[in-house]
Amino acid sequence: MSTKKYAVAIRDVLQQEMQRDERVFVMGEDIAEQGGIFGCTRGLMEEFGKERVRNTPISEAGFIGAGVGASLTGMRPVIELMYMDFTYVAMDQILNQAAKIRYMYGGKATLPLVIRGQQGIGRGNAGTHSQSVEAFFTHIPGLKVAMPATPADAAGLLRTAIRDNNPIMFFEHKALYAVSGEVPDDPDFSIPFGKAAIMREGADVTVIATSLMVSRALEAAEKLSGEGIDVEVIDPRTILPMDMDTFVGSVKKTGRALVVHEAHRTMGIGAEIAAELTEKAFVYLDAPVARLGAKACTLPFSLVLENAVVPGVDDIVEGVRKICYR
Amino acid sequence: MSTKKYAVAIRDVLQQEMQRDERVFVMGEDIAEQGGIFGCTRGLMEEFGKERVRNTPISEAGFIGAGVGASLTGMRPVIELMYMDFTYVAMDQILNQAAKIRYMYGGKATLPLVIRGQQGIGRGNAGTHSQSVEAFFTHIPGLKVAMPATPADAAGLLRTAIRDNNPIMFFEHKALYAVSGEVPDDPDFSIPFGKAAIMREGADVTVIATSLMVSRALEAAEKLSGEGIDVEVIDPRTILPMDMDTFVGSVKKTGRALVVHEAHRTMGIGAEIAAELTEKAFVYLDAPVARLGAKACTLPFSLVLENAVVPGVDDIVEGVRKICYR
Amino acid sequence: MDNKRLEWIYKTMLTIRNFEDKALSLFESNQLRGSVHLCTGQEAVAATVCSHLRDEDYITSTHRGHGHCIAKGAEPDLAMAELMGKSTGYCLGRGGSMHIADVTKGNLGANAIVAAGLPIASGAALSAKLRGTDQIAVAFFGDGAANEGAFHEALNLAAVWKLPIIFVCENNQFGISTHVDVSTSVKDIAVRAKAYDIPGEVVDGNDVFDIDKAVKKAVARAKAGKGPSLIECKTYRWYGHWTGDPQVYRSKEDVEIWKQKCPIKRLEEYLREHKILTEKEMEKMHSDASSQIDAAAEFALSSPDPDPATVLENVYFEN
Amino acid sequence: MDNKRLEWIYKTMLTIRNFEDKALSLFESNQLRGSVHLCTGQEAVAATVCSHLRDEDYITSTHRGHGHCIAKGAEPDLAMAELMGKSTGYCLGRGGSMHIADVTKGNLGANAIVAAGLPIASGAALSAKLRGTDQIAVAFFGDGAANEGAFHEALNLAAVWKLPIIFVCENNQFGISTHVDVSTSVKDIAVRAKAYDIPGEVVDGNDVFDIDKAVKKAVARAKAGKGPSLIECKTYRWYGHWTGDPQVYRSKEDVEIWKQKCPIKRLEEYLREHKILTEKEMEKMHSDASSQIDAAAEFALSSPDPDPATVLENVYFEN
């Protein structure tokens, strides 16, 4: 075990996987000399050179498309998007090409590709640089979607992603980069996709939270334990595949569930979880599955406003109380 | 009243609104001489000329962006996208620009803009030309989203869209263009956004269906009435705003609901409807709200397969029986 | 050009011509459906360009892709079966006409999204460069595609990274109904090469020799590590944008003029004149191509539809 | 150039310079936060270009937009308040530095998405054309933006439709840490004009007169209905990409060389030499600009944060 920051955990896995497999290469904006504007590729250019640690022009559709082509022909590209919001300028290459090619070619093409980058609030970057856009990539079949909430998960899930033979969207969080945690040193340490993590056991309510919201949910759980509400906190870790079994198992015990994410509540992944969980665990539910997510407005620049838009610890506390009818 | 096809209903409203308001103009690929590949702009170039009925290069991000700019500066563009699947190459202009500008500018900009076009199955157009992509546009705040299922709704909702001062995504369906129906002749005939249509009253189960699925739901309802199951069929008509009140009212009566759409089931608009309806009508529900949507694979070219992917009448019948525990 | 390659080009063009004619007649007799975009009249481009490629070289193609696919080694029977959405087709009936691919033969796929293949081809060229092979990539695209952002991004990437790739524009003067003059700000799309500091050349897309000369240079440049080239082939499609296009945007006379410029006839004249093939040999090749395509149609027609029970297969690679 | 315009340009540059310096010092003293991209060193472009525009003409700007906004008539106090996310800012604190807009003054907005403003500006020019006015539009963008698909699509649209628009590229040699040589396949971005058959010109972006000459031509061309022009202004940003950039990608010496080419100093020399302004007048203008910006900072600092209760306002126009 080593204690390291989330950003460093990512960097280290990139380095190890590049050492292990020369088909792995990274490209993206400002990832070479600069080491990525969040430092996730720091030192890699020095070790692997500018061919394998490749600065790109500001041409997201171009270089994601190039990733698709490189992947189809034997390479294993790992692409950094500076902000995952920029997927919008490359959506066709992600949703129509990367996600669909294997299926449309009758299973005769293999497309190992990771698109990784950060998203979310925390820096008051305003409407086009603070979004949480993961939900888009779960609607069109063919991608897998990971959302690590801890340094260890970042490392373990990223290794799985790089070794997977499918196109993967890997959502880091800007506000988590500086968070430290224990990460196993084993250079094969990996975490399978589709296995949720029970972050805290509890008997009364299930809170399913993703990414930055995991720590807020844990904090809320502490507060609620003071009120005699025993909260179970679950982090799905990957939202496609989704570990519905673990959610159902928890709800069979608690009878109540709240889903919390930073993306907009409307049509966020909470909608899918709530709908599916209700269908699978209807008879066990003592209250409807509730959802918290960003309010229905663009993420504002002002931090005062940004904080008002995204669920905070108190909102989670309130949300749990509500489904406990307290 | 006149009997006309869905495509003609759209064409006629475009014509009338262009006559009424010279700020309205249309642009898109092959909409001039060709009149649009589905005929929705037929004859307009002859009447209004090539400036106001403008063929564009194949540059969707470019001309949708141009629509944003024209709209901000006093025009009321109506843009045809040949296939709504092509939103993927213009997502940034739609989700980051059109949807957000008013909010990001502190309410000091107004953006009347309609992006309309067809989507869906029926022609076996394969993975990138048969999708139903409406859900994407409900997650990011700032747009309104319409999905007319009949010629009258196409006319009434399109008029509302063109006269609205907000950016609007208008989803037609390729398989509906040739369907005929009665359309009021009143050149001001319009249908407000956010008001669902109860297409068939029923006491036992609520089926909420969109676009092409409305007629399938009605057919299923007929079949089920033979089994003594009395189905209420509701068409939301716009999915943003969403007329949740009508759904809740119906479920208070029936105690059961099934949502049917052609988009993929996972993260389709059914997830939002199911989650929200459950939260609002939990105590009235005798069964979990169920969902039907396209299976989790790319839309295949083969019509045999295409039909296997998207809900058919029998699937709806089966889905209704299931939530009636029969 | 040596005679062997010339014969290969001729044979390939005949195969494409027959394939397209058969697809049209099957469409007209309701035995085939879908958005079928025929490249009849444009055969010289696919055949001549691909005569320079080996199996290990890559192409990306377009919605109008049958010619490219055949020239890059596709079996007509598997291709025709795919057009019919049969389980025996290249994509098991999942892709249809617009997604025929055979990665083992370097065909990275037709593509139903205009210009989407260009960045993908650049990526294949990048892959070759990273792996240190002498493979090259070719991106085929239409005049209409040259106005998409993906065109620009792919060409800049390829140029700045000096990738071994050739961008081949088939300028058939129309994107559906829209004439290139209405959509495109330059008379010659090849001029756009200047925006990337790469060679750009206009060639007669119905003349095998003219195309050949330009491609030869571009291949040499790619293999020498000097980067991409842009070749614009002026040509024309004989039929509508797709089967069933009313063609309100052009006159029968224009089509007739271009039919006179048939690339196959032109090559035949040369072969005849230079006594490379006898009349009889040419006739034989015609009838061989025709029988091959008849057999392909037979194969496709007699193939089963895919089994709906398999529809969820191949969404993911199972690790 | 007449003296009045020259004075306006000078004054505008001083305002911009002071605005940026103030923003930096407020940032450094933790009184202002966010992704703040300063245009110090590049002031000549915004000021000279906008000296040709009236309120009814349009601009679109970028993430590095303070200069454009001020030159297009933004009040420094409302702009500074927006940088601080205050309720009195242009966007009521919703947009921040990267979204300052004032549609009433023809400023269609800074834009945090690289190159996204170019199609929007083309649309404004189309709007002017459709409404039959003599308004023109200017799209400002950086060297990095010239590799985005949106650049290509916007320029082609504008050219083929002969829209009254000027594309003004501020080539400050870097997109964040990436030098233009690494990202861009041409030495001069102005060369890309050839890809649209429009005039493209390279000018010294630190020389008011050089910029002025090119813009004058471009404005005349736009108003004559002849379509767009592309002007590339070679310049340099003195500070990091954003406040807090470690600038590992360039040397202090390079920055020093460019500081010697300060556009304001250069204009001052001219004004002095040609006795257009006295030393005293210039000093006065300096101190006026400085006080104006001090007052703007005061205004911003003393303005209230937005009220969270209003956060859901203005998502939609209420019909």
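Order of writing sets the labels: A, B, C and D. Residues in every chain begin at 1.
In this text, a contact is a pair of C-beta atoms (placed from the backbone, for glycine too) under 8 Å apart; a residue touches a chain by one contact, two chains touch by 3 or more.
All values reported here derive from a predicted model rather than from experimental measurement.
With respect to chain B, maximal separation of chain centres occurs for D (centres as means of Cα atoms).
Across the two candidate interfaces, B-C and B-D, the one carrying more C-beta contacts is B-D.
A straight line joining the Cα centres of chain C and chain D is 45 Å long.
Separating the centre of chain A from that of chain D, both taken as means of CA atoms, is a distance of 36 Å.
Averaged Cα coordinates give chain B a centre that lies 40 Å from the centre of chain D. For chain B, the set of residues touching two or more other chains reads 56-57, 59, 61-62, 86, 88-89, 92, 96, 103-104, 126-128, 141-142, 296-298, 300.
Of all residues in chain C, those touching 2 or more other chains are 91, 93-95, 99, 113, 147-150, 152-153, 156, 160, 182-184, 315, listed in ascending order. Contacts between chains leave no pair untouched here, as each chain touches all the others.
Of all residues in chain C, only 58, 60, 89-95, 99, 101-104, 108-109, 111, 113, 116, 118-131, 137, 149-150, 152-154, 156-157, 160, 313-317, 319 touch chain A in the complex they form.
Listing the residues of chain A that touch chain B in their complex gives 61, 85-89, 91-92, 95-96, 99-100, 103-104, 126-128, 131, 135-136, 138-142, 240, 263-264, 266-272, 274-276, 278-279, 282, 287-291, 296-298, 300.
Residues 147-153, 155-156, 159-160, 182-187, 191-192, 194-198 of chain C are the ones that touch chain D when the two sit in their complex. Taken together, the chain A residues at the contact with chain D in this complex read 29-30, 32-34, 37, 55-59, 61-62, 86, 88-89, 123-129, 295-298, 300-305, 307-309. Residues of chain C that touch chain B in their complex: 33-35, 82, 85-86, 91, 93-99, 112-115, 144-145, 147-150, 175-178, 182-184, 248-249, 305-306, 308, 311-312, 315.
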